[in-house]
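Paired with chain B in one complex and with chain C in the other, chain A is shared by the two complexes that follow.
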Partner chain A sequence: MKLDRRTFIELSVGFSLGAGAGIMLTPVNWKLMDDMTIWSQELWPRYQLGGLEGRLPQTGEVTHADSVCTLCPGGCGITVRKVKDRVTKIEGREGYPVNDGGICPLGVAGLQLLYGPWRVPSPLRRAGKRGSGKFERITWDEAINKVVQKLGDLRQRGQSHTVASILGSDRGTVPQLFGRFLSAYGSPNLIRTASAEDTYELALGLMQGATASVGYDLERANFILSFGSGLIEGWGSPVRVIKAHSIWRSGNSKDRATVVQIEPRLSNTAAKADNWYPVNPGTEAALALGLAHIIVKESLYDSAFVQNHTFGFEDWSDATGKTYMGFKRLVLTEYKPGAVSMTTGISVTKIVQLARAFAKAKRPLAVWGRGKGTTSGSLYECMAVHALNALVGNINQLGGVSTRPQVATRAWPAVSRDGTARKGSHRPRIDGAGTSRYPLTRYLPDRWPQAINGGRPGTIQALLVHEADPYFTTTDSAAVAKAFDGIPFVVSFSTYLDETAYHADLILPNHHYLERWEDIPTPVGLQKPILGLLRPVVSPQFDTRHVGDVLMTIAKELGGTVADAFPWEDYETVLKETMGDKWGTLEEEGYVEDAGYKPPAWRKAFGTPSGKFEFYITAFDQAGMKVDKDVGYLPHYEPVEAEGDSSTYPLTLIPAELIRLADGAIGNPPFCTKALEETELKGNDLFVEVNPKTAANYGLSEGRCAMLETPRGKAKVLVHLFEGIMPGVIAIPKGLGHAAYDDYLAGKGVNANSLMGVVEDPISGLSATWGIRAKLTRV
Partner chain B sequence: MSTTEEKEQTVAQGEQEEEVPVEATPEPEKPGTWRFLIPIAAFGVGFLMHLFVGWVIFPPLLYSEKQQPIDFSHKIHEEAVDEGCESCHFFREDGSFSGIPGLENCAECHEEPMGEHREEAKLIKEYIEPGKEIPWYVYSRQPQCVFFSHAAHVKMGELECATCHGPIGDSDHTRPYQYNRLTKYSRDIYGWNIAMLSKNAWDYTEMDDSGGMKIEHPARMKMDDCAECHEEMRGVKDACFVCHK
Partner chain C sequence: MLRNARQAGLEPIIPSFQYSIIPWPRPGFSLCGILHLLSHQGGPGFSFGGIVQLLSRQGGPIAKRSEASFYEGVTMKEAHHKGHGKTYKYGMVVDLDKCTGCGACMVACMAENNLPFRKDNSDRLRSSLWMRVYKISNGLPFPDMEISYIPRPCQHCEGHGHHAATPCVSVCPACATDYSHETGIVSQIYTRCFGCRYCMAACPYHVRIFNWWDPTWPKGMEKYLNPDVSVRMRGVVEKCSFCYHRLQRARNKAYAEGRREIHEDEYQTACTQACPAGAITFGDLDNPEHKVYELKKSRYAFRLLEELGTNPKVYYVSTRDWVRKAGDVYTGKKGNDVMPA
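Moving on to the complex of A and B:
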């Protein structure tokens, strides 16, 4: 047979048809089609289920362990769900006296902080330029040796006072270890990062003679007058306050609590309040005193308290017969509703109504601390608000305000100091706190950058940072960056590669809070003593060490009296010994509380020179402070002017704090960043809130790009039109603008602190900044 | 020239030409009596060849085979323990199923050698001493998108282990783990019968001579198989989210 064209076609067509028919009768097509559907599922990331193998939580035995959250000063109890040794979920701990089962978004996202890519995996030494983010791994011995060498060298040269330490808190055994270390080493420079506590502690010290911060009986108050406090925005111990808020908002209209928000911006708290008074920013103290005027004038105050337990309400005269002005005369003459209305922008009728409603309420409570309470604030403003509480007699009362009590723990033996330590400790602090200029203030957390920048070189030779991110959180970022450049040796003990760690020379990573032991003293704003126990619920994921142990190793290697100050073997011994008889309960229950605690009665409550609640601050004279005659001794309105001149900067910029955006020492985790709205953050661009009227003046519309400029810096932002912000005021969310951390956070938005400056309170020296002048230009 | 002449001439020429190559084409006048067989034969060859490819060559190509890290004998262990399958594969207090025991479970008895078996020596040397979990291949591993609860099937549905897993408890050796090269899933899931005609994954296996498990009846554990049994046992068709949470 000849293979001609016809045969070829017949053969090939025949074969092909046969092949086709044959293959159709085999499983090849059908099976492959089926397999292809499954195979193709893995081709696109969103369907890659199999690809997640190894990254998905493993299966296995589920266990739960209780601990405490340390991501903010709120100190909530948490229950950690684990599968084998892998933490899979963090929940609020049921029955915990702070949060009783509740948890905030940041607390839930703690898991991402545990396993996230921003953990510092081992001790690191800076390899490139400061801020280049280049580090190399070193061993623990090398890292500790470097610190010991540097500190030993400084001490030998009599420079021990040039070592400073910045901490997020000064309570609990770990901050105490830092304090003890500096004391034995010979430096006075222990600095606590800024918060409203700074000012509140001072105000309570002056008015009540207390050495503690404030505690509010929020749950039982039934008229809450908030001076800009973001009650459901993360103020105080966030879950506790939100739970109290639910109590206020429930019940029938007759006996449910009234919430009044005084704030220039319609925050969530303002939106949920019964009344919102958009006060001119920075004039809150004037409003408080205006309310006091009505309460005094109409005799609505608690006369039992005011007459018997206060000092300086009425005019008084001293032994020489000299007469001094009392608080009563001050408010009656200076804070008449008309004048207050002009200052604050709140109408006279509203001021009168609010004052009457507040004073006549069953359990009224005025709370203070802007936003989340992350800035220090003005002393007189704090005192003016606290004076309202005194007028209605709610000091140490049910639903009132008291000092924050602590669970008593065992004191440590005194430090025996050598000559260097004594000499160094008595040098003035770099931030100026406790000096003749600011004798009453303990820490001035916003003042150290200026001391370094303005002082002689070498003011600070070494900086140790623990549980704080001063590089990011301190007001006026440019000054902070410059100050950091002036510190030759920066050591961070951070668990995460935060801003400060990123600019440090050495990182000695602490265990994550789910990996370590620590005691958690009474959380911020609580009125009853609670001591929580942080305990390891998961084994350390990286080559990290407990900061307490590391600090003690450093001390021991420094030798001499510094080593002698730490007679303990390790941190766990410190903790157990300090907790004393509480340890058993702590270990078993996870916390110790004094449920029956009652604040002391009025007659025993005040440690002031007069033994009473002081409207007139006698402590000023005792401390040798120079204040204005009469009025300077009383809570009064002293305008804190926003920085910048109003012709160049016609607008006012204020920070806005959100519950979904962490703005403290912890970078916002991806879970929370994801929860930001498209009118807050879009891609990497941050929105600022602008009133449509203001926007119209500058030709800006929704989503338009604009240049925001303040005397301290400028940044490109997007405009979000919002009628809840006063015309002429712009609000910028706080907490973004990180350069450190990872792709989920770095490069997103603008750091509000980089646009703000420090306006010092004349008495305390703390930052009283509430905003800054700004301008907005279309780009 | 006329047209007729032309034609005649052509015919004549043609005849003349044909006479020369007589031997090359012997029967040029009737070329088609059997020609129709050519495409049919080609069809048949193609058909049969591809049936062969599809049924004989393709299946082994589709699947790859791995040996388990340890040749484990259920038989020996079942004799040594008190509570049958439950001794090692148990339900925890919260109702979750322990599944394949971890190394810890093995180490309870095999911290030190109990005999002289080659596989036991391997277990101790390669896994227990370095503290490394044994990377078992799981014949019945379902895709991640499937939620499967042992408690629902064993406690509530009262199924025997062997209903789905076969008489694995009596096996003396582990059988090779076969998996689909394309999908990477176990052959047990998508079926031993290449035609996918099989039903009843739970209609599973028998023991072969060597004591390992031999797949006698084609079996699979695909979605349809789950659905069929669910429908049979519960009387209604289940919703997607019963298994796909």
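Moving on to the complex of A and C:
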């Protein structure tokens, strides 16, 4: 066959086409390409299925177990869904008297806290410098021995009073064990971290002579006047309040409740309120008294209550014939709408309308406690708001405010103290609470850093921290850090590697709340007493121990009367004995409630010297307090000035608390951080909310980087233009700025507490800080 | 990589609590796609679900199978046919007056559906949320600004009339997503999806998310994963399934008890269950006994971008006019001054 040019070309083309078709049709190269992709995925670990091979979660029988959530003081009932021995979901418990099936974002994300890398895996001893995050594992015996040695040594040297303990709560058996321990050991320094309860308990004590927590009958109120309370930001027991909000929003327009929010920022609560009154920050008390003025002037108050069950409303004279000003004259002369309008920035018409609407409502209720209630606040402001409740006669009434006791449990035998313990316990507290300067206050949680920094070295030799993160949550972070440097021995009982644990010398990790027994006292703000039972739903995931057992072991090893104070074998025995006859119900139902509880009637309700509700606080004189002016005995407006001078710092910075951002002792879990808005966190930078008008003055635009500076510190932030914030005010989210925990939280944003300072309330000594002066500059 | 064809919105033929491992990408997808087409054009009795399940099992080693089937002795075909008969139209009514924007629904969804998290989730275009709560404002300056929160799951659009009128379904070249006329749920079959993202472009509600990364969990945290929901691999699109696995569980339970009907409270999505405000109501929109039936008739009820004709199955209720207008920003005749807060 002759191969001419034509045939050659034909053959070439044919061959090429054939080869092409062959290549396309053969599976070999597709297979090779596929293998290549797989191979390349296996080459780099980041593509290797997240390292999940070989540890695929086991499947199996699905079961449910009930317990209680401890992530905030809300105490919701939870139902844990388990697959075999794994916890796969936390859901709200149906029928639980607090939350009945609902749950908040943090509650769901508690799951991540159980299994996360932020758990403290075993007892740890600091191995590097404080705050370097270097720890080494030690055994429980070693860890306990170290504590015993240190505490034993201090006690022998007669310095038992230099031991302090910071707790997140002072109720329930575990905090009580700490109290008992310090009492037997010989130290007065049990400190509870700050909350609005500090001030409210004091106000109830002064005005009603009650030793109790405040209870709000939110569900049945139909006019809710909130003075900056973040009702749906996580105030009180968050799920319960959100449920109450849904009740307010149900029904026909006639009996729908009205919600009024008084706050300089359009928070979630303000957004959901019927009316939002942006008040000049820090002037809430003036507004409350301005409302009182109208209510008194127009005789809209509950005269049956005010005339028969209150003291100090009208002017009165004592035995010597001296006349004292009553609350009525005070508000009528000092808080005229015009003046109040000037102070608060709310127009006269609005003040008058609001006062009338509030007083004429069927079941009005004024609530107090800024944001989530994580700061103490001003005493007079609290009293002014509480006085409004008294004026409308809703004390201990349906849909009103009441003093709520705890569920009674069996008392423990008295501690027999030796000489050292007696001597130590009678020393003044480091925070100054209960001293002649602050005789009425029980704890001053924002004052201890000052005492350490300003006092002699060795004021505090050892600090025991449980269920609290004072290093992160205490106002003025720089002062706290300095105070920590001044404490030679810090022990944390934290389950997680939080800021305090990170700066501790020794960590003795407690079980996670899904791994342990404990009693959970009545949630904050609930109107009826209830006691929940925390029970282990999963076996301990790490080498942890129940803090109650650890504390008792320490006490027993210290010996003597300290050991004698703890006659129980272990914590479970303590719990069962303390619950007494309630244990059976607790174990079966998971809670006990006093469903039929009714607050006492007016004639029996008040334990004040006058036996009545006191507008005029006679307890001040009894306690030997020096109150400067006559007006000091009455709820009045005493401005709490923001720190800093207005020429250097022309703006005002206030904290913004968000429900998707935990800002207490628990670091925000990754799920919740993921749920944050794009205008709250971007990369590692947080946004501050600035009114466009303010921003224009400083040449700032949306998303722009700026330097935020206050007298206490400065930080780089991003700017979010927000029409919901008052011009001249900036809001910074609270809860970011962790250095501890893990990469999912650490290094994101700044801690709002590092920019704030403490402004002390003159009567209580508690921190009345609501904000600070600030400036914002372009960078 | 974990794959589970059950999650893919197919009929729950067997309550198979198993994972199968298939590497990605895999040519088998296109085969599945063809089978899927066949199943729709083919004769009766062709159970494509069963075939996909078989395929996915053959595709890789079966990681685990520890629970015995409820249906031992019942063939797939029988089980499949018993499912037929009544149709449902599952949907949701969200009361925006009650919604407080707390985000419990978002987090409950993440926990229920094994959504991963990364060190930085602040970029919404790259972070996966099946349920997202939007925050919108009326656009007025201080102090007249108002805010409303809008929780937004997949809207499970029904479209009008014919098959594949759902925006995402109509564009999917892989038949990886489908509208079920039996449940009213828009499925997403991860093992078929090859990540072209046409559906993301087509979806007017931005409910679809592309997985830029394989999901990873810090060591130990894989323990909380829900075995009812497969985790999704890099390179595929995912979205809200109305917690389809919960329907499967409810159906299995009903079947085991010899019932055909599923009670309203037996099948509730994770977000509905979690919502502390009780703002979300879920149920069969066609069933007069279900709460959503009446709720959706409220004079304050509306749907998002209703005029696009997507016929979504998520209704919203708001007594505020501007919020209702905001629900239709593309075509809304008035009140177009809505903006993100």
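Quick note on the criterion: the second predicted complex is superposed on the first by the 722 of 779 C-alpha atoms of A that agree within 3 Å, B and C clash if a C-alpha of one lies under 4 Å from a C-alpha of the other, contacts with A are read in each partner's own complex, and residues count from 1 in each chain.
Here, contacts are C-beta pairs under 8 Å (C-beta built on N, C-alpha and C of every residue); 3 or more make two chains touch, one makes a residue touch a chain.
Just so it is clear, the model here is predicted, and its values are computed rather than measured.
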First, second, both or neither for A:G18, with chain B first and chain C second: first
First (chain B), second (chain C), both or neither touched by A:I659: second
First (chain B), second (chain C), both or neither touched by A:G580: neither
Chain B versus chain C as contact partner of A:L676, first or second or both or neither: second
Contacts of A:T26 with chain B and chain C, given as first, second, both or neither: first
First, second, both or neither for A:G699, with chain B first and chain C second: neither
Partner chain(s) touched by A:E10 [first = chain B, second = chain C, both, neither]: first
Partner chain(s) touched by A:G60 [first = chain B, second = chain C, both, neither]: both
Partner chain in contact with A:G251 - chain B first, chain C second, else both or neither: neither
In the superposition, chain B vs chain C on chain A residues touched: C
Intersection of chain A interface sets (partners chain B, chain C): 30, 34, 38, 49-50, 52-53, 56, 59-61
For the chain A and chain B complex, residues of the former touching the latter: 7, 10-23, 25-28, 30-32, 34-36, 38-39, 49-50, 52-53, 56, 59-62
Chain A-touching residues of chain C, taken from the complex the two chains share: 1-2, 17-19, 21, 23-27, 63-64, 66-67, 95, 97-98, 100-104, 106-108, 110-112, 116-117, 119-124, 127, 129, 133, 135, 137, 140-143, 145-149, 214-227, 231, 233-234, 270, 273-279, 341
Complex interface listing, chain B residues touching chain A: 35, 38-51, 53-55, 58-59, 62, 92, 94, 96, 98-99, 102, 143-145, 180, 182-185, 190, 194-196
Touching residues on chain A, where the partner in the complex is chain C: 30, 34, 37-38, 41, 46-53, 55-61, 83, 86-92, 99, 101-105, 107-109, 111-112, 114-117, 232, 238-239, 242-243, 245-246, 249, 266, 268, 271-272, 276, 278, 541, 659-660, 670-679, 681-684, 691-693, 722-727, 742-744
